[in-house]
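Naming follows writing order (A, B and C), and every chain is counted from residue 1.
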Amino acid sequence: MQLKKISVSGGICALACMSALFLGACTRKEEPKKTAQTSTQQAHDTLAKIKEKKVLTVGVKADTPPYGFIPQGKSEPEGFDIDIAKQIAKRMGVKLNMVVVTSANRIANLTTGKVDMLASSLVHTRARDKVIDYSVTYFADSQKILVPEGSSIKDLDDLAGKTVAVGQGSIQEQMIKKLQPKAKILSLAKWSDTLQALSTHQAEAIFSAAGVLGQLKKTAAEAGLNLKMVGKDGLEPIPYAIGVRQGDAALRDEVDFLLMSMVDDGTYKKIFEKWWGEIYSQPYKVEVWPK
Amino acid sequence: MNSGLDWQVIFGPEGRHLLATGLWVTIQLSFYSIVFSTVVGLLIAMGRVSQSAVLTPLRAVLAAITEIFRNIPLLVHLAFWNFGIFGFAWVQAAVHPATSLYSLQFLASICALVTYRCSYVAEVFRSGLQSIPKGQMEAARATGLSYGKTMRRVVLPQVARIVIPPLGNQYVGVTKNTSVVLVIGVKDLVFQAYQIESVTFQVFLAFGSVMVIFSAVCLLESAALNWCARWMDRKWGGAIRPAGKKQVSAVTA
Amino acid sequence: MHAIIENLPYMLGGLPYTFGLAVIGIFFSFFAGALLAILRLSKIKWLHYPAVVYIEVTRSIPLILFIFFVYFMIAGMGYNVSAFSAAAIATVVFYSTYIAEIVRAGIQSVDGGQMEAARATGLSYVRAMKKVVLPQAIRRMVPALVSEFTIIIKESSLAMVIGVPEFFNRVFITNARVLTEPLALLGFAALIYFIICYVLSLLSRRLELRVDQ
């Protein structure tokens, strides 16, 4: 009876796989056309629609300090990305409508038109650029290493043979494998878990972007655990940019020009120093084109 | 991601390597947890079933422990062992020799899986032991066999027959329980599924393929254990079996 | 100790999510499970076998995979599904198969003679089920259902992997912030779960005794 059950289940599984293969083959042919079509259709109208409705809907994070987070005691998200988005809306002369998104659903929110653009700690990768379009890079966070105060680790080379904590599925997880193959990697669900690993001596260092490490360092300090950021400057910078739909040229140009105007009149410098002043002494050099 | 299904992410060399390493970790975790929870469960059951008055405080302690452990979720056990117990420097030093083979998190996972499962396994053994009529033990002792010999030759073989089907259920439960260890960073099958998904965004394929693999593993496991039960029946057939009652609990977590 | 007292409101504020998941889970699973049980008990081959396969396969897959799958699939299709809803859906889909077994056992435990006697007095199959068999079956299912409810309360802690702010997630987050008192905080979590689940298991045992009368 059990053997019969197995063969029946196996048969159904095989059937499911084959039908998924079919669906997959079909989907692959249709979907890209459909998405591109709806995307470009919506894209052509986006800037005009924004100007007409006088509302700019932006996808923002609420769980990723300092890009977008909800401060203790408040209910609206604040952060670096949000200040940038507010400036863009202000310079467009429209109202800003913030929609909270997560890493899991932000791309889909953009492609299906729920938001007009994304200011959600969005990293510019080649893989993603095939699906959406990006503005110029408005920030690049370089990688650093966070270690306990008394640690002897100073650089990537010192990490050989040591246990390094990273976040599951993060870019840094892939990066550290290439940069220091001799390091032992401990992948935890959230970046805050890496602090637990550090405090229980299950990891000797945390490898991440300076922004993330800055937050972790602050949290640890509040708990009485003193950490320090080491590693050379400018290591493997990750570019962040505003996301718009594939083919949405008008909106992308507008966002680019507005970002550059923010650099021109010093607003960008002010926003940068507010959120990154403690970690970076110089504001990021956003690409500014001559007029 | 609406770019269609890219089967390469699971059938390509990278995908297969990740899934294979994950599967191997899951199998190792299940194996060790099954072995240790059986041993611990049996010991607890034997302790609870014992009749001697001397051991009464032990029985009370064991009863309390099993009751406490089974009412605490697996994740709490896991966090407790990993961040609590294995956070102490002396514990880390004590298990240091083993860490060359298995990571600290792997060891903590086994401990957690065992403490979670041992109370259920103990219950299974306890009802198995209690279903052997006292007459068996008395008769065997009367013919001159020692306590140890009686247990080994008379009681335990009968217990084994009764106990294998529900134990099988528990073992499959252990295998399913191993899926939560990604929370503390053990690179098991579910962890690899998450990895593949985060790089390729192929949700359906990454998690779907792991669901199929898990399903296959657990179904094979129950088939194997069922076969074991039937083999035991043929070898030691004819002994007491609780009549009519459903032996396999539908309620396994 | 200090950490527990300071963060008590925050941590306990996760209990509504825990109970919410369990209540929604058991409620909808009951109907889905009853449906599955009927399909499984059916004599019609093409209803019976798919139900059997579905139940066996689903019971071989851990809940955490369902939670990830449901959440990322729905979010990936563009819907703003909350983590809680995704976890609730996954819970219902998963536990319906276990409830199906409980319902099946409950219905089959009612003596066949009841159905025969009911039909003999002239009641139709449906009315006999509704008025005679099911009330008895449901009374027998209640202890097992309470037991299943306890299990869902424990398994609700898994919902933390997609960020549901339920009780254990909050304890975990608090620990990641406080860092210095893991044993105290985790011990506190264990205590709360123990109190809830132990009370429920006592209730289940008391109900079982009452049913056996």
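Just so it is clear, contacts are C-beta pairs under 8 Å (C-beta built on N, C-alpha and C of every residue); 3 or more make two chains touch, one makes a residue touch a chain.
What you see is a predicted model, and the numbers here were worked out from it, not measured in a lab.
Peer 1: Looking only at which chains touch which, which shape fits best: line, ring, star, complete or other?
Peer 2: Drawn as a graph, the chains make a fully connected set, so complete.
Peer 1: Tally the contacting C-beta pairs at the B-C interface and at the A-B interface, and name the larger one.
Peer 2: B-C
Peer 1: What is the distance, in whole Å, between the centres of chain A and chain C, each centre taken as the mean of its C-alpha atoms?
Peer 2: Their C-alpha centroids are separated by 36 Å.
Peer 1: Starting from the mean Cα coordinates of chain B and chain C, work out the distance between those two points in Å.
Peer 2: Distance between chain centres: 22 Å.
Peer 1: Chain A to chain B: how many Å between their CA centres?
Peer 2: That pair's centroid distance is 39 Å.
Peer 1: Which positions in chain C are in touch with at least two other chains?
Peer 2: 56-57, 72, 76, 161, 172, 175, 182
Peer 1: Residues of chain A that touch two or more other chains: which are they?
Peer 2: 5, 9, 13, 111, 189, 196, 199-200 - these are the residues of chain A that touch more than one other chain.
Peer 1: Residues of chain B that contact two or more other chains, please.
Peer 2: Chain B, residues with two or more chain partners: 1, 83, 87, 182-183, 194, 197, 201, 204, 208, 215, 219, 222.
Peer 1: Spell out the part of chain A that touches chain C in their complex, as residue ranges.
Peer 2: 5, 8-9, 12-13, 63, 102, 104-105, 108-109, 111-112, 114, 189-190, 192-193, 195-196, 199-200, 219-220, 222-225
Peer 1: What does chain B use to touch chain C in their complex?
Peer 2: Within the complex, chain B contacts chain C at residues 1, 67-68, 71-76, 79-80, 83-84, 87, 172, 176-177, 179-180, 182-183, 190, 193-194, 197, 201, 203-204, 207-208, 210-211, 214-215, 217-219, 222, 246, 250-251, 253.
Peer 1: Flag every residue of chain B that touches chain A in the complex, lowest number first.
Peer 2: Those in contact with chain A are residues 1-5, 7, 82-83, 86-87, 89, 92, 103-105, 182-185, 187, 191, 194-195, 197-199, 201, 204, 208, 212, 215-216, 219-220, 222-223, 226-227.
Peer 1: Which residues of chain C touch chain A once you look at their complex with the stated criterion?
Peer 2: Answer in residue numbers: 49-50, 52-53, 56-57, 71-72, 75-81, 161, 163, 172-173, 175-180, 182.
Peer 1: Hey, which residues of chain C end up touching chain B in the complex?
Peer 2: Touch residues, chain C against chain B: 56-57, 60-62, 64-65, 68-69, 72-73, 76, 98, 101-102, 105, 144, 147-148, 150-151, 154-155, 157-158, 160-161, 168, 172, 175, 182-183, 186-187, 189-190, 193-194, 197-198, 201.
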